[in-house]
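I am attaching a structure below and will ask some questions about it afterwards.
Naming follows writing order (A, B, C, D, E, F, G and H), and every chain is counted from residue 1.
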Amino acid sequence: HSLEKQFEDFRLQLEESGGLRDRIRTVVSEIESTTRLMHASLLLVHQSRPTPELLEKAKSYVNVFNDHYKQLAEVLGECSGQYYRYHGDWRSETQTVVSLIVFMHWLETGNLLMHAEAEEKLGLNSSEFGLDIEDYLIGVCFMSNELPRYVVNQVTAGDYDCPRKVLKFLTELHAAFRMLNLRNDFLRKKFDGMKYDLRRVEEVYYDVKIRGLAPNGEPVEDQGAQGPP
Amino acid sequence: SSTKRARTMATNSSMRDAFSKHAEYLNNLNDKRERVVKASRDVTMNSKKVIFQVHRMSKYNKEEVLEKAEKDLAAVTNQHVSRLVKELQGTDFWKLRRAYSPGIQEYIEAATFYNFCKTGSLLKLDEINSTLLPLSDPSLEPLQINVLDYLLGLADLTGELMRLAIGQISDGELEFAEKICRFVRDIYRDLTLVVPIMDDSSDMKTKMDTMLQSVMKIENACFSVHVRGSEYIPLLGSNDPSSFLVGLPDIEL
Amino acid sequence: HSLEKQFEDFRLQLEESGGLRDRIRTVVSEIESTTRLMHASLLLVHQSRPTPELLEKAKSYVNVFNDHYKQLAEVLGECSGQYYRYHGDWRSETQTVVSLIVFMHWLETGNLLMHAEAEEKLGLNSSEFGLDIEDYLIGVCFMSNELPRYVVNQVTAGDYDCPRKVLKFLTELHAAFRMLNLRNDFLRKKFDGMKYDLRRVEEVYYDVKIRGLAPNGEPVEDQGAQGPP
Amino acid sequence: SSTKRARTMATNSSMRDAFSKHAEYLNNLNDKRERVVKASRDVTMNSKKVIFQVHRMSKYNKEEVLEKAEKDLAAVTNQHVSRLVKELQGTDFWKLRRAYSPGIQEYIEAATFYNFCKTGSLLKLDEINSTLLPLSDPSLEPLQINVLDYLLGLADLTGELMRLAIGQISDGELEFAEKICRFVRDIYRDLTLVVPIMDDSSDMKTKMDTMLQSVMKIENACFSVHVRGSEYIPLLGSNDPSSFLVGLPDIEL
Amino acid sequence: HSLEKQFEDFRLQLEESGGLRDRIRTVVSEIESTTRLMHASLLLVHQSRPTPELLEKAKSYVNVFNDHYKQLAEVLGECSGQYYRYHGDWRSETQTVVSLIVFMHWLETGNLLMHAEAEEKLGLNSSEFGLDIEDYLIGVCFMSNELPRYVVNQVTAGDYDCPRKVLKFLTELHAAFRMLNLRNDFLRKKFDGMKYDLRRVEEVYYDVKIRGLAPNGEPVEDQGAQGPP
Amino acid sequence: HSLEKQFEDFRLQLEESGGLRDRIRTVVSEIESTTRLMHASLLLVHQSRPTPELLEKAKSYVNVFNDHYKQLAEVLGECSGQYYRYHGDWRSETQTVVSLIVFMHWLETGNLLMHAEAEEKLGLNSSEFGLDIEDYLIGVCFMSNELPRYVVNQVTAGDYDCPRKVLKFLTELHAAFRMLNLRNDFLRKKFDGMKYDLRRVEEVYYDVKIRGLAPNGEPVEDQGAQGPP
Amino acid sequence: HSLEKQFEDFRLQLEESGGLRDRIRTVVSEIESTTRLMHASLLLVHQSRPTPELLEKAKSYVNVFNDHYKQLAEVLGECSGQYYRYHGDWRSETQTVVSLIVFMHWLETGNLLMHAEAEEKLGLNSSEFGLDIEDYLIGVCFMSNELPRYVVNQVTAGDYDCPRKVLKFLTELHAAFRMLNLRNDFLRKKFDGMKYDLRRVEEVYYDVKIRGLAPNGEPVEDQGAQGPP
Amino acid sequence: HSLEKQFEDFRLQLEESGGLRDRIRTVVSEIESTTRLMHASLLLVHQSRPTPELLEKAKSYVNVFNDHYKQLAEVLGECSGQYYRYHGDWRSETQTVVSLIVFMHWLETGNLLMHAEAEEKLGLNSSEFGLDIEDYLIGVCFMSNELPRYVVNQVTAGDYDCPRKVLKFLTELHAAFRMLNLRNDFLRKKFDGMKYDLRRVEEVYYDVKIRGLAPNGEPVEDQGAQGPP
C-alpha cells in the first residue's frame, strides 16, 4: 500500500532525526559538564585569587570546547541547512559557554571578546557552523550579570580601582546594546536586566569615590566625546 | 532668598492643589466603578433567574411560562440595567467596561434566550439597544451595548440552548430540538469568522471550545433519537422516523 | 506580653477546634465505611437480586447511620452555631448517604423521600443538627444518576414494566427541580446531569414499548398534565 | 385505578410543595448572600481609605491625621460593618463567611493599623468584637468576628507596617521604625506557631511568605540606617548612632 | 571603535532578520484568514451531505494557499538554509491548512492525501521550501478529530454506510501511525488523541449495525489480510 | 438570512476597528522609537554631560511627540467616545513619554511638570484626546525611579548640591502622592516604589552632608512645614 | 578537610546512584518499546482477527519481558533494600505490561491472571524482585478499560455472546475490587473508572438482549449464589 | 474462589501497609509540631545575639526528635527493606529538622554539622534507619537560606565581625556543593538558590568593610590555598 509505504518512509526519517538528536544531546551534555568545571575555576575570582593562575586554568577548558564544537559541527554537517532545526538543543549551553569565555577575555584584556573572536576561540566556522548572533549577545548579557558581584568582592579585597574600570566597560557595552532595536524576546529581557548591573556598579563606584578611596586614575568618561575612551 | 522661598512654597502648594484634584478624580472614579459593579451583579443575578424561568417551559405551559419570563426580563431592564444606563450616560462607557461587562453578558444571554423560545430567531443587538433608549436622558449620548459584550453573551446562550435541547428531546419535541441544533450550528459557524478579529479574543476562544462541545452534545442527542427511530421503519412501513417517534408516546400512553 | 497572651489564646482555641475536627473526621470515616457497605448491598439490585432481601439488608445500615449522626450532633453540640464551620468535613459523605436512603426508599415505595423524612430517617433534628437542603438536593441528583443503569439491568433481567415506573418518577422529579433557581455551582451541574438520566430512561422505555414488551400498566402520565407524555 | 391516580397526583403535588419551599429557601439564601457581598465590598473600599489616611501621618501632623482616621474608621463601622451585623445576626455566620470574609479582613487591617499608630500596640480581637456589640439587636446572638478572619487581616497588616516603616525612616523616625520592626517580628514569630493549626491555612501560608518578605524589608532598612550611622561614630565621638542620625536633619537643615 | 562597528553590524543583521520576520508574518496572517474562510465553508459538511458545490468552494481556497506559499518561499529564498530558523512562525497555521486540504481530499476521494500530494497541492517544492513531515502528520491528526462529528451528522442525515467507510479509513490511518516511534512531544500527544476518535467512530458504527441499519457493503476488514484493503 | 446579515455587520464593524487598531499601533511604534532616542539622549545625564546641551537635544523630540499625538488624535477622532476602547494600545508607551518629559522639565526648572502642562507639551487637548490622569501619575512615578541613580552619579561627578535639591523635590512629590486613595493596582505598586527612591536619595544626602561636602544652599524644607526635614 | 572529604563521599554516592538510575532507564526504555509492539499486535483483536494467531504472536513478547525484568532484577540486586527507591522509574511501564499480559490471559482462558501467575509469567521472584501489588491492580484496571471497546467491536463483528461473558467477568472483578479499602490515590481513581466500563458493557448486553440477539447461554449470574460462577 | 481469595490477601496487605502509613503519619505530625516549636525559639536569634539560653532551649528539642525518630525506626523495622517505600511520608519534615539542627550547631561551633553527626544527634542508625543523603543536603540548603537574614540582623545589633565569619562558612559550603554533580531535581534547585545567599552575604560584608567597620580579623580566605582555612 502507498499509505504503508509513506509511513515507512516517515518512520525512517523520524528515526534518523531522532538519532541525530541523541548524538547532539551527548555532545551537549559534555559541553555542559566542561562548562561547570570552567565556571567553578573562574568563580575563584570572587575570592580574590591571583588572576593569572585562574586564567591559566580556565584557558585549558577552551580547548576542550573546541573539540566539543568540532563534534557538533560534524553531526550537523550530515544534514546541511538544518542548523536551526536543532538549534534549541544546544543554544542555552552555548550561551553559557560564551559568557565564560567573554568573562575570561575581559579579565585578561579588559576588552569585550568580539563575535568573530569568540567563534575563533571555540573553533567555529561562520560559513558552516557558526555562533548565532543572539546566542553571542545573550552570553554577553550573562557575563554582565557577574560584574556587580565581581566589583563588590574586589573592593572588599581592597582593589579600589576596579569599580571605575568595570563601570567604564559596562557603560560602553550598555550604550552599544542600546543601538540595537531588539524584539520583545529573551535577549531583550536579558538586556533590560543589564541596566541593574550598571546601576549596581555605579553605586559601588560612588561608595568608593565618596570615601576618597578611588585612586586618581583616568575618569570614566572623556570630556565631550561620546562612547568609551 | 525670601523670594526664592516664596516660589518654593508656591510650587509646593500648586502641586498640592493639583494632587487634591487628582485625588478627587480618583475617588469619584472608584465610587462610580463600585456602583457600576453592584448594578452589574444585580443584573447578573436577575438575568439568571429569567433563564431558569424559560427552562421551566414545556409543551403544556409554554405561553404562561414565557409570559412570566417576559415580565421578569422587563423588570431586570427597568430596575437594574437602567441603573447602569444612568451611571454610564454621557461618560465613556469603554472605560468602565470591565466593571459591567459580566452583567451585560448575562443580560444578553437572558434576553436572546427568551427571544429564541418565543420567536425562534435571534434577538439582534440593535433591537436590544433600542429598548435601552427610553432609559436614557435624551440630552446625553445613550448607553449602547457594544458588539463585544453582545457576542460574549451569545456564546453563553448556546450553553443554555444545549440544556434546552436535551430537555426538549425527553419532552418529545424533536422538531424543536432540531431547530435548536440548526440555530446553534449557524451561530457557531458565524462566530468562527468573527471571533478571531474581536478586540480581545482570548475569553471568547475558550467560550468557542465550550460552544463546540454544546453543539456536539445536541448533535449526539439528535443522532441518538434518529438512529433509534430508524430502527423500526422497515417494520412499520413509515418513511418519516421523526414524526413516528414524536407521535408515539402521545398515542400509546 | 499581652501580644503573646492573645496568641496563646488563639492557639488554644484553634487546637480545640482542631480536636473537634479530628473527632468529626473519625465519625465521618465511619459513615463513609458504612456507606460503602450499604452501597455494595444495594448494588446487587443491578444483578437482579430479589428486592425485599436487599432492602432488608440495606435497612440495617440506616440504624448505623442514626448512631453516627447522633455522635456527630453531640460533637457539634459543644460549639453551638458552628455547624457550617465544619460542614465541609461531612457534606460529601452525607450527600452519598442521602442518595442511598433516597434510592432505598424509592425501591420500597416508588416515591421520593422528602427532606424532612430523610432527616427523620437519619435521626437528625432540624433545629439543632439538621440536613442541609443543598446536600439533600445533591444526594437526590446522585440517586437519579443510578436510575438509567438500574432500568437497563432490569430490562435485561426481564422486568419490562420498570422503565415506565422510573420514567414517571424521574419526570416528576425533574419538573420539581426546575422550580429552583440555582447558582453556577455543584448542584447546578448535578441537576444538568439529571436531564441525561431522563433521556436515557426515556430511550429504554421507547425500546421496550416499540417492541410491545411493556405490560399494559397505567400510563406514565395523565393526558394534559405537566411533564412528558 | 382511580385511587391509584389520585395517589399519584398527591405524591406529585406534595413533591411540588416541598420543592417550592426549597426554591424559596434557596432564593432567600442567595439574596442574603448578595446583600452580604455588597456590604463586604463597601467595608473593603472604605477600610482601604482609612489605611491611606493613616499613611498620611508624619511627625508634624500625627495627631490631626490620626483623628481623621479614627472618625473615618468609626464611619466604616457604623455605616457598613453594621449592615453585615444586621444581615448575619442570629443566623449562622459561618455559612456565609466566604461572602463577607474579604471585607472583614480589610476592616481588621484598617482597625489594627490605626490602633498601632495611635497606641503602639496590637488591637485585640476581643476589643474589636466589643465595639460591634452595640450594633446588634440585644435579643439575638451578636455577630463576632472569628479568629481566622482576624489572623488573616493581621497578616495583611504587616504589609502596611512595612510601607509605614520605610516612610518613617526617610522621615527620620528611626526609633518608630525599629519599634515597627520588633512588632512585626513578634507577630510573624507568633503566627508561625498558630498558622499550621488554622482551619484552612493555604491562604495564610502564602501570606506568611509575603510577611517574611516584609519583615526582611524592614530589617534591611534598619540595617542600612545603622551601618550608615556607624560609619562616623569614630569621627564624631558619639556612641549612639541612631540618635545622632535622627537628630541630624533637624539640626543642619 | 571596533565595539561600535560590531554592534552596528549586529543592528543591521537583526534588522534584516526582523524585516524578514515581518514579511513572513504578513503572509502567515493572510494564510490564517484564508484558513478561516475555508474552515467555515467546510463546516457546512455537518449540515448536509458533502455536495460538489461545497468542494468546489473549498477548492477555490487551495489556489489562494498556493499563492501564499509561493510568497513565503520567495521570502525564505533570500536566506537559504534558514527554513527552520523561522519555522515556528508558520508551522501552526500550516498544520491547520494541511488538516483542511486532507479533509477535503478525503471527502472527495475517500483516501488520505499523501505528503507529496499535499506539497503539490500547496505548490511547495520539497527541495527548496517543503512541507515539514511533522507538520503534515499533525495536520492529519487534526483532520482525524473532525471525523467523529462528521459520522454522527451523516448518520442523522440518513447516510448509514458512512460509519463503516470512516472506520475503515481511520483504522488504517491509526495502524500506519502506530508504526512510527514518536517522541514525547506535541505530535505524540495528538496521535494519542486519535484513539478516542477511533473509539467514537466504532461506537457509531456499532449503533448503526446493531439496529440493522448498516447496508450490506464490504466489511471493515478483509478476512485474514492485515492492513487496509 | 437575517442571522448572517447581522454577523456580516459585526464582521465589518470589527474589521473597521481592527484597521483602526493597526493605524494606532503604527503611530504607537513610532512613539516608542522616538522614546528610545530621547531616552538615550537623556541617559547621558548619568555620565555628567553638560545639561543645557542635553536638554536642547531632548527638546527636539518633544515636537516629534506632538506630531505623533496629533496623528493619534486624528485616528481616534473617527470613532468618538472610544478613547478607552483602544487605550491599552498606547498607555504604556505614553507613560514612558510622560516620565521623560517630566524628567526633562525637572532638569530644566526643578519643578514638577503638571498634568495640564504635560498635555500642552504633547499637544493634547483634554476635551477631545487628553492625557489619562493615571497614565500621568504612573509616568511621574517612573521618573522618580530615575532620581536615585541620577543623584548617585551626580555626586560621583562632584555635584554635591544635587542630593539636597532632589531630596526636596522628591519629598514634596511623595507628600502630594500620599493625598491619593489608590486601589491595589499598578499605580499603587509604583507609588510604593517611590518610598525606596526617597530613602535612597535621603541616604546620599546624608553621605554628602556628614562629610561636609554639601554647599551651604537653602535648606531642604522650612521648619514646621509638612514632609521630612 | 573533613567538609571536603564528606562532600567527596557524597559525590561518589550520588554518582553511583545516578549510574544505577541510568541503567534502570535503559532497561525500562526497552520494556516500553516491547510494550508498544505487543500492544500493536493485541490491538488487532478489535478488528476481529482470529484470536489464536494473535495470541501466538503476543506470547512471543512475554519471553522478551522475562529478559528485561531479569536485567532489572540484576541491577537492583546490587543495592539491596532499595527496590522502592527506584520504583518510580519503572512502575508506570510495568503497569502497562501487566495490563497486556492480563488481557492476553483473559482472551486465552476467560480468567483473571493472578498476581502470582503474573510474577511467574514475567520471571519475577517475589522474595527478591517482585511485582508490587498496587502496580498489579492498576494494570488490571487498565485492562478493564479495554473491555468496552472490545465488546462493542465483537458485537459489530457478529459475536453476540461476547457481552454476556465480559459482563460476567467484569462484574466479578468489580465485586472483588470493592472488597479493598483503597486510599485516595491513583489506584482508587483507576478503580472508580472501572464502573464506567461495567456500565458500558451492561448497556451493550442490554442492546443485544432486547433485540433477541443474545444466544441462550448461561445467564450472567447463577440464581442465589453471590459471586462469579 | 481463587479470585476472592487473592483479593482477600490484597485487602490484608493493603490494610497492613495502610496501618503502617497511619502510624508513620502520627509520628511525623509530632515531628512537625516539635519542628515548629524549635523553629520559633531559634527565630529569636534575629532579635538579639545568640545566647547560651537560646541554644539551651533549642537543644531540649533535639532530645524530643530523638524519641520521634526512635518510634519511626521501630515502625519501619517491621517491614525491612521498605524504607524508601514510605520515605515520601517523612522526608520533607526531616529536611526541616536537619536545617534546624545544622543551624543550631553552626551557631554553637561555627562549623557544619556533618551527616554522621546529624544522624547521631537524631539517634538514627545508618545501617537500619539512616538519614538519606539528599535529605541532609536539602536541609543544609534550607539552613543557608537563613544566613543572609541572620547576618543583617547581627550587624544591626552591632556585631561587625559576623559577615566575615558567615561569608567564610558559606563560601566553603558553596564550593563543597559545587563538587557534586546534581541531577535536575529539587536539590539542584535549592543549591542554585544558595548562590543568592552567598551574594547577599558578600554585599553585607562589603557594606561593613567599605565603612571601615569590620574588625581586623583574619581575612575570608587564606592567601594562595584553595578551600576553607
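Here are a few things to note about the model shown:
The rule is simple: a residue touches a chain if its C-beta (ideal position, glycine included) is under 8 Å from a C-beta of that chain, and two chains touch if they have at least 3 such contacts.
Since this is a predicted model, take the numbers as computed values, not measurements.
The chain pair with more C-beta contacts between its two chains, of D-F and C-G, is D-F. Distance from the chain B centre to the chain E centre is 35 Å, each centre being the mean of its Cα atoms. Centre to centre, using the average C-alpha position, chain C and chain D are separated by 40 Å.
For chain G, the set of residues touching two or more other chains reads 181. Looking at chain B, residues 30, 193, 224, 228, 231 sit in touch with two or more other chains.
Annotation, chain-chain contacts: A-E, A-F, A-H, B-C, B-D, B-E, B-F, C-D, C-G, D-F, D-H, E-G, G-H (touch as defined at the top).
Of all the residues in chain B, the ones that touch chain D in their complex are 30, 34, 37-38, 41-42, 45.
Contact residues on chain H toward chain A in their complex (touch as defined above): 171, 175, 178, 181, 199, 202-203, 205-206, 209-210, 220-221, 226. Touching chain C in their complex are the following residues of chain D: 1, 4-5, 8, 11-12, 14-16, 18-20, 22-23, 25-27, 30, 92-95, 97, 121-122, 124-125, 141, 147, 151, 186-187, 190-191, 193-194, 197-199. By the touch rule above, chain A contacts chain H in their complex via residues 33, 36, 40, 43-44, 46-49, 149, 152-153, 155-156, 204, 207-208, 211, 213. Those residues of chain D whose C-beta lies close enough to touch chain H in the complex are 182, 185, 188-189, 192-193, 196, 216, 219-220, 222-224, 226-228, 230-231.
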